[in-house]
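Once you scroll down, you'll see the structures, which are given as structure tokens.
Both complexes below contain chain A, partnered by chain B and then by chain C.
Coming up: the complex of A and B.
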């Protein structure tokens, strides 16, 4: 029966080409616009941490004084930490893997002929645990050794792209190159497959969707001796004079992030307890002089939402595109009515020859479903054009159609078209066949 | 034209009319909110930077390697660049309007910071004294900064008397009743005296609100942003050669982000522009779909009423009467839908207002959207209505 209905539907579509095309286009435009916005939204809402999402935790401290009620984000925590706190957290030597992060600008000197020094490759100071916590894939070599986290050495880990740019080859383990001021020499401990998760959840303070990932990771233990200013957000709750790097290390300015890996509830509880004790201890030293001194940990999913990685614009556009889909569907209902009314007499003949109302109804729903399917296909085509436009407009590489979106779009258009088809199909099957038989 | 019969015949078979009305009401609600969101962005993008945009180039200068006497090098830079034909003014600054590296600090009435005493957090420019000349700012009150006001970066903490200029908006916020000239305010716990007020200078970045809260201080700068003012017709030439010229003078530095002010604005407003393009395309498609929908439904009604039209024609109605009938029927439906739609537009706006930080919808956007919808709806009716007017009176006799 289904194939017969399909055949009938196909014949009807061919008999009223203009109307059918209009219906397909109405559905396609609605699906195209909403799928474009939903795909973009989905790309932004992506959690690149995967199964590590619940284990990795960003650490926050309400490290402000002056008896202030609140400072920083809406929950009274700044997004970043002071150097003093990061230093203390690092030196607390809990058994959990952890790493501080901050971004620095550097000049890198290429060893290839005729290539000028460049500052296009930003770097980040991290501890060794960073690479396992954030799943950095090494092509050659590996992280620096554990001892480097305590006894600083000029060792770095660089991206494949940077290795090729400096040395003209991917495997540069053991070689040295000049960085930072273009004179200081650093040895390559490892080369990693280019690392740029989107959004860049490991450090959201320097942009959510950077086009380029970090080019070089350097041991955090070098921070105090290299005196490299951060390239990123620095904020403070009180005015402080900063004339040199030493000042910023001592200041109450926040400018670094700190991650720790807590695999289970017990570990989380233990860490929270530790933070509580730490805050108490700092308060006794005269810091954290606010009304509610406390610390907090947030896992990756929470952290992404907290930082509002998905912008208001995206939410508004998804809503608007769904409303647009609604208008398209109302439109399709009208066009379907017009289309079916033209076929009233045929339905009349079939009814007179013994077809039940239910059979007529399902026959017309099959036709609507077929229109919806075609609409969905064209809609997907429009969505891929729309997504191309979105990528161009926002200058990003994220937001592409994937298989789940492909299936989602087809299901959505089928569902939407069946919903819109109910009213017109009911009209057809409920009409009195005798009127149409008479008119023949 | 009597609306009585029209209403009665519409009510006999209201589905088509109802569908048109729903579609138009929804379209009005969506389109008016979109128009106003577009307008908000366009206003943001077209706001005055305070700078002579078409004459200014900026670049970032970053030193590395062997210790360089940066102050001496900066003097050489300024001198060499000024010799290039077309170059009118050169200065270094920590940041540029719409550019990167935003320094903000609370500006307080007293040395001790407190919530009431520090009402605003302006961005502050730490620039060569002639920065105003390079950008082409307008002086409103007092005087420009000059050599007397200039300090070197490492002497900031020991300098006794420091001076600054405020933007007009900021001066009014701090001293609404009187002139700001000669008054003292505290920046980072240090006292600064206001010597002048300029009309406008935007912040770095692309903030939507309080973008004109800026202050200007004079410092002898040696790196960071390099700003150059060039005759408009030479700007491309100078821009092209800038990197080679600067690195030629000293190769222990990297020159990046060489951009005209217009290019900086395009970068800064990228997201806003994207939003405008997306919103406008959706509005355009929305109106198109609505127009097609109305045309489709009216032709459906016309096809349905062929017999009645024939009868009316046979009873003496002219082609014009038939045309007028459909046009006024559509007018009545559209007008009613627009009234309902403007209610929905406000409801949608109310929701957006509560959920997102959007401003209240102004009446004018509803009017503009309603007027264009009325036009589109009537226009879409025209073709099927013309077809209806051509129905032959003979049809009335054929099929009863």
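Coming up: the complex of A and C.
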């Protein structure tokens, strides 16, 4: 009977093209709007760290003076660290993998003929552990050696895209190229395939959803030597005279992040104890003079929530879009009632000829399901357009319709339309056929 | 074939109760052709709807082919209606967007016949009413008399033992009405029980028995001819 119902449904849809189109569009608009927001929300809610989420921890220090009762985020921690603290944390030589991070912009000189130098490339200073901690997959070579973290050398890890831009399609490991001022030479230690987790949880200070990942990673040990100004947020709790890069290094300005990998509870407890000692030590040196000096670690999930990667506005928008879907469905109910009322006579005839209420109900529900399916397909098209607009508006590459969202949209559309169709279908199947048989 | 004992049917609204049938008693034997007459509002159509299991009743007993229908649920009533009863309406009630073949197919679909069986029955039923050549026409392409013949073909396709006709000639001119009546008589002569509501006294007289309903009760019964 299902194919018979499908045949009848298709025939009815063709008979009332304008009304059917209105119903399809009502469902499609609701699905399009809600799927756009759900897809965007899902992309933002994604934790790209996977099973490393509970191991990787951002380190925070309440590193401000007595002038401030509290500073930074709502919990009294700034999101970033001073260079002094990062330097001290690095030199503490704990056994846990760890890395500081800060972003810089650089000029890169291509070795391909006719390609002008470009300053479009972002780089980040990191320690060697960064690559294992954040699971960077290498295409050629690998990270610089451990000794480079102590004794700086002009070695870098670059992306495949940057390697091809500089050298063309060759294995560039061991080759040198000019960057930063366009003269300084750097040797390629490794080339990675693709590394642009969304959101960019490893460094949220320069945007949550960058379209391009870093093109080049350079050893953090070069920071003091290269004197490269950071790109991104720099903030301080007190006015300080800064006349050059060296002043920033010595200042109380916060502008770097520091990650450490703590694989179990014992490691976390040990690191917290270490931070406690470190804070005490700094207080003795006259720093951290505020009322509640302390350190903290936050795992990736906590860090993403803490940085409000998904803002309250986004949640409200998802709620609003679902309400909009509800409004569209209420409209669809009205349109379906109008459509089905026209079929009361036919339903009466079918009842007289032996159809049960259940069969009439099923027949009309199949028609609603078909309308919902078409509504879902058009809704997916609208959602694709909506997500394209989101990408253009926010300059990110997230929020695309994947297979699960595609199936989810169709299921949501089917479910929504079937719920919508229950009332009109019940009205038809519960009507008294004898009235319509006589009245026709 | 049909036995109604003290059937009552009341239509209620907030303000008024209308007694459409009052302790209505009637029996129709297998193979009989019974016409039902009576003034408008007398309960003829209500009787027909209850007989065709399209309406329930408030009290009394109704046995169709020996089966007590009061205890049946909607699915069972629909099944019984589909298997044993054929309907013919005054306004034909063909589904306008289905061609003749698909119209006749409707009751067979609910019967669960195979595609081949349905096709065989549809072709036979349409041949029987002389419209096999127009199987792919829409009802709107036919005259009133032809549409009623399609409706008869639809009623016959499932080979019901009981045919209920509600003023089947009411919308037809006299020639077409006579043709339809002859077709019904032929069907009856082959053993199908027919109960026909009509306003036309001349048609009413052509049946074996005429019953008159007034105020929801059988007021008069006339034996007109011997059952076949």
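FYI, the second predicted complex is superposed on the first by the 412 of 440 C-alpha atoms of A that agree within 3 Å, B and C clash if a C-alpha of one lies under 4 Å from a C-alpha of the other, contacts with A are read in each partner's own complex, and residues count from 1 in each chain.
Note that in this section contacts are C-beta pairs under 8 Å (C-beta built on N, C-alpha and C of every residue); 3 or more make two chains touch, one makes a residue touch a chain.
Please read these numbers as outputs of a predicted model, since none were measured by experiment.
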Touching partner for A:344 - first (chain B), second (chain C), both, neither: neither
Touching partner for A:45 - first (chain B), second (chain C), both, neither: neither
Partner chain in contact with A:267 - chain B first, chain C second, else both or neither: neither
Which of chain B and chain C A:21 touches, first, second, both or neither: neither
Residue contacts on chain A - larger count, chain B or chain C: B
Chain C-facing residues of chain A, complex: 1, 4, 11, 15, 345-346, 348-359, 432-434, 437-438, 440
Chain B to chain A touching residues, read off their complex: 15-16, 19-20, 22-23, 26-27, 29-30, 33-34, 37, 62, 64-66, 105-106, 113, 153-154, 156-157, 186-190, 247, 252, 254, 256, 270-271, 273-275, 277-279, 281-282, 285-286, 289-290, 292-293, 296-297, 299-300, 303-304, 352, 355-358, 399
Contact footprint of chain A on chain C as seen in their complex: 45, 49, 52, 54-55, 74-75, 78-79, 81-83, 87, 89-91, 93-95, 97, 106-107, 109-111, 154, 158, 166
Residue numbers on chain A that touch chain B, as the complex places them: 19, 22, 25-26, 29-30, 33, 66, 105, 107, 116-120, 180-183, 238-241, 243, 311-313, 315-317, 320-321, 323-324, 326-328, 330-331, 333-335, 337-338, 341-342, 389-390, 393-395, 423, 427, 439
